[in-house]
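You will see two complexes here that share subunit A, one where it goes with subunit B and one where it goes with subunit C.
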Partner chain A sequence: MAYPAQYRYTKEHEWIDLKGDVATVGITDYAQHELGDVVFVELPKVGSKTVAGKSFGTVESVKAVSEIYSPVAGEVIEVNNALQDAPEKINTDPHGAAWLIRIRVANPAEIASLMDAAAYEAYIADKTKEASA
Partner chain B sequence: MESVTSPAIIELRKTPLNALHRRLGAKMVNFGGWDMPVEYPSSGGLLAEHRAVRNRVGVFDVSHMGDIRIGAGRKPGGALAAVQHLSMNDASRLEIGQAHYSAMLYPEGTFVDDVIVHRLGEEDYLLVINAGTREKDIRWVRDNTKSFDCVVQDLSEVYTQLAIQGPQAVDAVQKLTDANLSAIKNYWFTHGTVCGLKNILIARTGYTGEDGFEIYVPADRATSEEVWARVMEAGCAFGIVPCGLGARNTLRLEGRMALYGHEISEKINVWEAGLDRYCKIEKGDFIGRAALERARAAGLTRTLVGLEMIDRGIARDEYRVCDESGAAVGVITSGSPSPTLSKNIALAYVPPALAAVGTVLYVEIRAQKCKAQVVPTPFYKRPKKAAAPQTAKKV
Partner chain C sequence: MRYLPKSPVERQEMLAAIGAKSVDELFSSIPDRYRLREALKLPGPLSEAEVIQYFKERAAENSVGYTSFLGAGVYNHLRSVVTDAILQRGEFLTSYTPYQAEITQGTLQAIFEFQTLMCQLTGQEVANASMYDGSTATTEAVLMAERLTGRRRVLVAHSVHPEYRDVLKTYAKNSGLLVEEVPYAADGRLDTKALRAALKEDVAAVVAQSPNFFGVIEPVAALADIAHGTGAMLVVAVAEAVSLGAVRPPAEADIVAMEAQSFGLAPSYGGPFAGVIASRDKYVRQMPGRLAGQTTDTEGRRGFVLTLATREQHIRREKATSNICTNQALCALAATVHLTLLGKEGLREMAQQNISKAHFALAELLKIPSVRRAFDAPFFNEFTIKLPRSVKLVNAQLLREKIVGPFVLGTAYPELTKHALVCVTETTTRSEIERFARALKQALDQPV
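What follows is the complex of A and B.
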């Protein structure tokens, strides 16, 4: 699956799509593949604050629980409630319909420190090499 | 997302099918020191593998399991006496060609390991043991059979063990062997030609709560890969898929089968684990028996129960279980979504007073207390085979 060029990426495998001061956040295709069949999603309430690098929710597959870390600081303005009944969307459309939350970002410049698509693809290529070594 | 894998520090052990799993693109994990497939994206992943076994057939590489043979010494009787001393079930009841579930116990009545005991011959037993406890088990068997007239052999490296499981396993395996599989009852076994290999152990056993077979073939890589390929070919018409340890775990949990290090361990005794029916106190002395008699007289302080989540949330291994007042009363030993039941299920140790079916308990999931209730186990029981059509009775 292609990694959209306009997104930025974290080492913990979240993506962020910033438009103005509103950012959409999800987990990457690599992350969903590592997790396997996603069966449960726990997301924050609208109005709660996010802190860069701190967990805002969890995604669970049959066999594992995974914390999701916020790429930036801000306030949650929208939550993808459709995932509650259809968490498997995270496996099929992680970069699109299965976004997790929208945040009003405190400092949009903060995302400059995150990886762009090319850097992220190189990063996961390294991980994949490690795993098959 | 948190990184799931950590760099390997020690060299992991590999089964003869390791290269094949990697060629198939399996996701590999460290399981008790073994590099094992957890799921195969090419099979559709864990859920698809689980469903294949419940509805059709799946194949697992379980060569990481160990095998200990206890054979005849110079005089008759020694091998049986050794097995009786080591294991809690009554091996004197086994006929040749029959197997049973049992366990080796510490003098405290707690678990060294659970085992399947097969009676291969008059004075010949095969104990199939867990991967993570292989070295401990073989040492335990050697140390505790010194005074018995028997021969102990570690055959763990001799076999590649494949588990072919599911309602159509019998049809798939039958294509590969001259043995009449319909004549083998559950927990019995035979020896037959499989894929042209002579004298192969074929057992109607498994760890999935489903019908199925486990076959023990020579462990060299070429033979192992050839047999795997033939099993896949034979199962093709039935929709066979390779299955990993992920599905093996959800399948065994639905069937309430114990996993060493979870439901049973060196800290848990037989009564607590609810394995009474495999423990034959009346058969005579065995390691752990005296402690178990004392434990029975003293009464249980905890017992294993099945839980079903009422609130949203998945109970996981080691999560705390609380009562209505919020006090911690127990712990989850295994928890997972149940693919067959579409519910979140778990096994937990709780005080006997809170073990009745219908009792409401709370599982602490990330600081939230989520409601659950005690339910009967096994969570899943395979449907009874439709009775053979009866011929009309003539009056």
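What follows is the complex of A and C.
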């Protein structure tokens, strides 16, 4: 699956799509692949604050529960409630329909420190090599 | 899973594989002053005949022929030899935690049946077999409520078992959880006026026990309404599980924490027991421990698996829902066999006998002019009386008559000096109750 060029990516495998001061956040195709079949998603309440690098929720697959870390600081303005009934969307459309939350970002310049698509693809290529070494 | 001792050759092979010269080197990271340098002071090995002799001697130290009126969280109930016969089977007795469904269908089925029985008894939707006992189950229920509400204050009835409260306070001490107690009213039930006054929007849970430590049955539905009024959850602890054969199940509670010792587990030295945690399906992901589930295999046959283990410590480490729980499979099996033998009618009858005998005992004791009933509220198989003198001294006299006296309430409740908590179960006969009443009268009649 292609990694959208306009997104930014974290080392913990979240993507962020910033438009103005509103960012949409999800987990990457690499992350969903590592997790396996997703069965449950735990998302924060609208109005709660996120801190860059801190967990805002969890994704549970049949084999593990993983934290999802916020790429930026801000306030949650919308959560993807459709995932409560259809968490498997994370496996089928991680970069689109299975977005997790929308954040009003405190400092949009913060995302400059995150990886772009090319850097992220190189990063996960390294990981894959490590795993098969 | 088997545990086999390793031969010296195998030890050397293992050390070589990890690059250590000796076992001593393996532990070299432990500071020297903390290391044990001399051999453990253990007696030498015994022959089979000596072991048998040793245990015969220990068994001979047991007291026989005593009648007990002591309850207070641990209860004497009839047990069937069938329970022990099944518990002693090696497949159950020596098997380890069932991780592999392929080789542990029997254990998983027993746990699944235990969970089902616990749901039926508590009026809840989901239950597991991962709690050590009633006290840790109560605390885990509080921690669940804390996670679910995001609040950090907890109101605990003073009439909850003192040891359950101690365990809760121990957990809370370093976790930032604020535990406050709510007094009991004159009739022995939780003081709802005080509860309403203490209940604010920051309270995660209200914890009550029913029957409570004084034996009194709490109005669970009313307490649930009060707690829910401010968005708090109601945790109900049940220390005497047999009560559920007669008392309405605490279905209005959000979480039920129970001690299942009364179901086929001997009091022993106070354990091992079986804790139960039961709750609503919607809260299942915040439950500590794991569930056994029923499913079908690739050929459509019924089978059992461990499910929802993803939030346990071997996967989630410090983020696990609990790091202080286990699988109480063997104790849960005892409870399952016991309840299956009793059946629905049997349990109801057992519970009814507890009620009848305890009420008969109270009536007999109240014939002694100086004995008073302390609390008026309805009770199950325990009740509180007030004596004209020290319960400890009275108990010393009773013991000479081969009677284990009631619980000395003053030890846990300083305001209740001279108060005794009397327990009467189906195991106590009418003549034993009458003998107890006579012995108590005699003890009270004696000059101080």
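The working rule: the second predicted complex is superposed on the first by the 133 of 133 C-alpha atoms of A that agree within 3 Å, B and C clash if a C-alpha of one lies under 4 Å from a C-alpha of the other, contacts with A are read in each partner's own complex, and residues count from 1 in each chain.
In the analysis below, a residue touches a chain if its C-beta (ideal position, glycine included) is under 8 Å from a C-beta of that chain, and two chains touch if they have at least 3 such contacts.
Keep in mind the model is a prediction, meaning the values are calculated, not measured.
Colleague: With both complexes superposed on chain A, which partner does A:6 reach: first (subunit B), second (subunit C), both or neither?
Modeller: Neither partner.
Colleague: Should A:68 be classified as contacting the first partner (subunit B), the second (subunit C), both, or neither?
Modeller: The first partner, subunit B, only.
Colleague: Considering only the touch criterion stated at the top, classify A:40 as touching first (subunit B), second (subunit C), both, or neither.
Modeller: both
Colleague: Quick one: classify A:14 as touching subunit B (first), subunit C (second), both or neither.
Modeller: first
Colleague: For the three-chain arrangement built by superposition, which of subunit B and subunit C touches the greater number of subunit A residues?
Modeller: Here the partner covering more residues of subunit A is B.
Colleague: In the superposed arrangement, does A:60 touch subunit B (first), subunit C (second), both or neither?
Modeller: A:60: touches subunit B and subunit C.
Colleague: With the touch criterion stated at the top, can you tell me which subunit A residues are shared between the subunit B interface and the subunit C interface?
Modeller: The answer is residues 40, 42, 60-65, 67 of subunit A.
Colleague: Quick one: in the complex, what on subunit A touches subunit C?
Modeller: That would be residues 40, 42, 60-65, 67 of subunit A.
Colleague: Which positions of subunit B touch subunit A when the two form their complex?
Modeller: So the residues of subunit B touching subunit A come out as 1-5, 7, 22, 27-28, 38-39, 41, 45-47, 246, 249-250, 312-314, 316, 336-337, 339, 366.
Colleague: Hey, which residues of subunit C end up touching subunit A in the complex?
Modeller: 285, 310-311, 315-316, 319
Colleague: Could you list, by residue number, the parts of subunit A that touch subunit B in their complex?
Modeller: 12-14, 27-28, 31, 33-37, 39-40, 42, 58-69, 130-132
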